[in-house]
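What follows is a pair of complexes built around chain A, which joins chain B in one and chain C in the other.
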Partner chain A sequence: MAQTNTPAVHITKPSTRMSGMRAMRVREAVTGYLFVLPTLVGFLVFALGPMLFSAYLSLHEWEIFSPPKFVGLDNFKFLPEDTRFTAGFVNTLKFVVAVVAMNTTLALGAAVGLQTKMPTVLRNFFRTSYFLPVVMSMTSVAIILSFLFHKEFGIVNYYLGLVGIEKVPWLASSSYALSSVVLATVWKTFGFDMILFSAALNNVPKHFYEAAEIDGAGPWQRFWRITVPQISPSIFFATVIGIISHFQVFDAAYLMTRGGPGDATRTLVMTIYEDAFGSLRLGYGSAMAMILFVIVMVLTIFQFKWGQKLVHYQ
Partner chain B sequence: MNKPSGKYQIPVTRRKFLKTSIMGASAMALAACGSATPAPTSAPAKPTDVPKPAPTAAPAGPLRIAINGVNARADTFKKIGAAFEAKNPGVKVEWVAIQAAEWDEYFGKLVTLIASGDSIDLAEISTEGLQLISSRNVLRPLNPYVTADKTEMQGFFSDVAPQLVEVAMYKGDLMVLPTLWGAATIYYSKRLFDKAGLAYPKDDWTAEDFTSAAQKIHGLGSDVYGFGFPNRHWGGLVPWMYINEGNLYDLGKETGGDWLWGTFYGGVESAKGRAGGLKWGNPTANSQANLEALQWQQDLIWKQKVSPSPTDLNQLAVFMANDKLGMMPGHRAHTGVLLGAGLKKGEFDVALMPKWKTQRHQFGTSGLGIMKTSKNPDLAWNFIKHQTSKEQLAIYVDKAVHTASRRSVTNDPAQHETTGPANWQVFYNTLDKNPLTTAIPAPLETKDMTGIFTKYVGLALANESTPKDALDKMQTELEALMKRQRPA
Partner chain C sequence: MASSQTYSRINRFSAQRAVGRVVIYAAMVVIALLVILPLVWTFATSLRVPRDSFTLPPKWIPTDWKWSNYADVFDSVPFGTYVFNSLKVTSLIVLGQVVTCSMAAYAFARLRFPFKNALFLLLMSSLMIPVFVTIIPVFALVRAIGLVDNHASLILPSVTSAFGVFLLRQFFMTIPTELDEAAVIDGAPPWEVFVRVIVPLGAPGIAVLAILSFNGFWNEYFRPLIFLNSFDNFTIPLGLVALRGFMGTGNIAIVAAGIMMATVPVVVVLMTMQRYLIEGIAMTGLKG
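Take a look at the complex of A and B:
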């Protein structure tokens, strides 16, 4: 039998093969973690670290110039008696409910409106106009709106006067001040939700609407039965983010009214800021911050547990 | 999540990595907690005990100065710093301009800077925060420096009203040299006064003259108002309380201070009776005088309708520039604000507060204090002398940026030549012609006091509370605050 030339097969031992694969997996893992490291370090240094420090401070009295003094839960015990804290909490709650509800409604309406047939130029103009306030600084917005909303000299009351409506004390009355801050915030922020909903609407299959039309569904039915369920993940996301961010409202109320008249527009974060950095009660301020953190966390968990049932995932 | 099978197990699992990171973060946070304990400070030293540090051969780093950034322009700071550097070769001046709309914001940021370990040699300290900062023992009293440079300082003190110096003292120690200050006076629009056929206010005009002028200006149109004012600590209700002989607290004097008054103000009539600083006693928020003042201010808005709802001074300046407002409170810095809002020199002027029971004005002042942690205290003192010199102060307040503590600078006609107002003598006359003029209420707990004060005054001015109810509640809260904040 003639000999055939077959190339020599280099047989590696199983252990050598395994260590080579292991080294590759280690490299892959390390590369992955290196990519997420900047974000993780940022989170640890700028979020988790300060949170832990704040939790530590909440059990102490600290006014910076002397060492922190351990007081246990005393800071928390005083909170229910502090009318500024309770006023801040109630106002913040009202603010969040109003802003999130109005933002969602207006953003949805604007997003649906942008889907209607119109020249591209007009569509882009509206989309830009609604989104522009989002990128403006709240400081500039607050200063300008405090001029516009001035009871005697503001242009809003001027135009209301032209249609026979009496001057409204937008920022000068407890009855209107919080609403004015809500309106300012909604004007500035609903554009962000609108962009989210617009993107979601673009992904709703057109044949759903065609089939519904054939079945005799009217515009409202198509909206409630098709549009809303299809974009419900975006609505859910916008609501969760909106609640978390608006619970931390500070700049609009601080710049427009400084919490007044009385405590009508006092918010939780404003109270935390004033106590911690104005009155140098960092321990007490930290205790309030911990309460705010727990409230937002509980609300978010609640939303995920209950809100998920209303969300339609494809 | 399913544990990966042994064959494909990643050596560093996600769980392990996160666990390690969180432990590391906790360790960092605990380390930060441990370092959040500044060295305990000793009790404040008495004037005679504070040693003057030995002169240093060379500065340890740049001279870092924290100031309220809104009070002057960046180019002004550069000029003053450059002039000092030219006189002191090898020295660098570094400005830390803290932007803040109100003084309590400034102090919050300043304190945060100090807590973060940022080395500051000098910090601007105003009336609003002097007692708080001084009580925390972070400033070096200036007594030994002033005493050692007695001859040079004689020129300064002879040029500064004693009221400003007294307010800069804390329990007998001089904490800052007053540099800037401002008493609330009345700015008025000459255009609207002319339109209403009103004579310009004289120094001895009364509260009735004032109200009558406000009414006549409002008569020019339903959207034209006689007098606008803010709801804030300085320039809101307090000037009217003061001219009605009211105050938020009983006002007394701390002991001490003879070392300064005897040396620099001997024989000065207005310095008689001055002591070691102001001592704010028990609250008197709901006194009859304060009640009358708040009722009067509420009536301006709701009964006489000659005032718009309270708004900040910058907005008021814009309304005045647009012929919608006849009068507003302000000090010299508001000349600059009115010019910036569009009024021209000659279209407005300034008058003293009208006379009610008195013409006692209210003012605030500020100056640089030397931090105890400064490694360059001698250099810092030299800078204070440099900045408060006539020449440098004139540069600092040029173009109506602020009011200089030195009489010779504020009363220099050249300072007002390009900006006005014509009646600029009013500024220093609030002190020189009114020895009772004193500082805004500024006890240890000023920040909380301001919150309580503006809250209840705001409710009364919004017509949501009677002045009596507002002041009674204010009194109750101020008393509780005093018990909490002031050491027994």
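Take a look at the complex of A and C:
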């Protein structure tokens, strides 16, 4: 690719001109390689290499102190029987569906709301407050929200009590714990999707709305007939990116409930963490990691290949 | 045009429309309150006498102004050390990424060399490798070279980033090529074009990368949890969790004070630069 296509110019002294060009080309290529070298080394040592080693380890038993022992597909065969893993996997799926659905709805509402006519100061205030949790650490968010969700002393239950709802054991009961982690995650991350949707909404031509209004379309119709189709590529993108990133949930669940009560908030990544670094079953942990990798890879390829085809304007 | 104005005027004053506006504003205010109130509560609690941390009904304004809670954070954990550790780890990572990613991004955006596209695709493929998938081998590597419980275990693997290369390449490709060509005609070698043209003109993009990366690594919890053991090596997120661990439910005020100190300065700085963060997110859909 790079060595072809010298522009066809009339050259009076081909030999010297060519060698000068050649020297320049070589210098350019050498600089190119030198400039990508640090990144490439980092990629090989800390991404590709570990990735391949992880695949290798997934077929082995390894406790780090002795050499890995080949076990074939045993690790993978054991996964479906491991109730911690299956619980973690199912929890992760539920978590992803709930968070992505709530994030998309809330972010879309917030982004559309920000488009309505209002003083700039007010708009900035709203945008800043929605975006604020995105830049906070999940650690702080999880700690604060755990206090608020406290069954006896938390202010969430206090206010629910005022409207006659009995104390909800948000973090202490296996039927509510996952929902609490979902709510904390939505609280922290919906602002991220809002940014994506706002950027997309800014590109929707205003005259579409004017035309629809002339035709007598109400706000609801304008939303479903113009806004949603126009920004559908962004909605699709945010959804897939959201699935990928929330599939890797760890911090929120670990910090709020440690995976409990029981297995109620154990997640896929948490099982990787516990098996690999808790019980030093690094081969088994790698097998779980490979499952995570395949899921993320399939979603990424899906996004790349069909992102444009599936969602498009008629 | 005239008819459009007539119609919109009629609509604007219609009751239905006014109600719609009110509903939208009300919803926006409610969401904003749901975000802000937990932070207000944290601030108010951080200044309360610790044994009253959990007073109900909740008090939204600080009543006791007990600033000594903030001092108590330093007595409970080496908070100053945590701030230093976080600053050290994060700034070295950001510095590393800014340098390595802008160099690689320039090479991929502008220079011609064999296998360029193949290398770029290979590098981009690592965008879909989650940190959790490689963490076991990376931990084994870190352990083999004796870097467990050393900040280098966090810094070295993050000194470059495929995301950063992708982001900066997008920015650099928007710089008109005429500008580098002018420099090339003046006899400037590629590295000089990079230093004289690309870096100054690509500075906004570099700022976007720096801020996104700072935000991400400043808040990082998972890798520090695995790589760091000793108390004095903790970064702020680990330190906050340790602080929470020490305090019973009776001492929430001190934990709240720690969270305020850990959060407010950084969030204020980041929010003043939110334009850059938003630009980076809107451009790539990723947080870095």
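Keep this in mind: the second predicted complex is superposed on the first by the 254 of 314 C-alpha atoms of A that agree within 3 Å, B and C clash if a C-alpha of one lies under 4 Å from a C-alpha of the other, contacts with A are read in each partner's own complex, and residues count from 1 in each chain.
Please note the rule applied: a residue touches a chain if its C-beta (ideal position, glycine included) is under 8 Å from a C-beta of that chain, and two chains touch if they have at least 3 such contacts.
Worth saying up front: this structure is predicted, and the values here are computed from it rather than measured.
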Inset, instruction - Give one of first, second, both or neither to describe whether A:Ser66 is in contact with chain B, with chain C, with both, or with none. - result: first
Inset, instruction - Answer with first, second, both or neither: which of chain B and chain C does A:Thr39 touch in the superposed model? - result: second
Inset, instruction - Figure out whether A:Leu292 sits in contact with chain B (first) or chain C (second), or with both, or with neither. - result: second
Inset, instruction - May I ask you to name which of chain B and chain C touches more residues of chain A? - result: C
Inset, instruction - Identify the partner contact of A:Thr86: answer first if only chain B is touched, second if only chain C is, both if each is, neither if none is. - result: neither
Inset, instruction - Have a look at where A:Thr104 lands relative to chain B and chain C in the superposition and call it first, second, both or neither. - result: neither
Inset, instruction - Check the residue A:Ser179 against both partner chains and state whether it touches chain B (first), chain C (second), both, or neither. - result: neither
Inset, instruction - Applying the touch criterion given at the start, work out whether A:Thr239 contacts chain B, chain C, both or neither, answering first, second, both or neither. - result: neither
Inset, instruction - Touching chain B in one complex and chain C in the other: list those residues of chain A. - result: 25, 29-30, 33, 40, 45, 48-50, 53, 57, 64, 147, 150, 153, 273, 277
Inset, instruction - Would you tell me which residues of chain C are touching chain A in their complex? - result: 3-4, 7-8, 11, 16-17, 20-21, 24-25, 27-28, 31-32, 34-36, 38-39, 41-42, 45, 54, 56-58, 99-101, 103-104, 106-108, 111-114, 116-117, 119, 122-123, 126-141, 143, 156-157, 159-160, 162, 165, 189-191, 194, 215, 218-219, 221-222, 226, 236-237, 240-241, 244, 249, 252, 255-256, 259, 262-263, 266-267, 270-271, 274, 277-278, 281-282, 285-287
Inset, instruction - Sort out for me which residues of chain A touch chain C in the complex. - result: 1-3, 25, 27-33, 35-36, 38-40, 42-43, 45-51, 53-54, 57, 64, 106, 109-110, 112-114, 116, 118, 125-126, 128-140, 143-145, 147-148, 150, 153, 155, 158, 187, 192, 195-196, 198-199, 210, 213-214, 218-219, 237-238, 241, 244, 248, 250-251, 255, 269, 272-273, 276-277, 282, 285-286, 289-290, 292-293, 296-297, 300
Legend entry - Touching residues (chain side chain A, partner chain B) in the complex: 22, 25-26, 29-30, 33, 40, 44-45, 48-50, 52-53, 56-57, 62-68, 146-147, 150-153, 169, 171-174, 258-263, 273-274, 277-280
Inset, instruction - Flag every residue of chain B that touches chain A in the complex, lowest number first. - result: 8, 10-12, 17, 21-22, 24-26, 28-30, 32-33, 36-38, 40-41, 104-105, 107-109, 111-112, 114-115, 132, 136-138, 223, 225, 231, 308-311, 315, 318-319, 324, 445, 447-448, 451, 454-456, 458-459, 461-462, 464-465
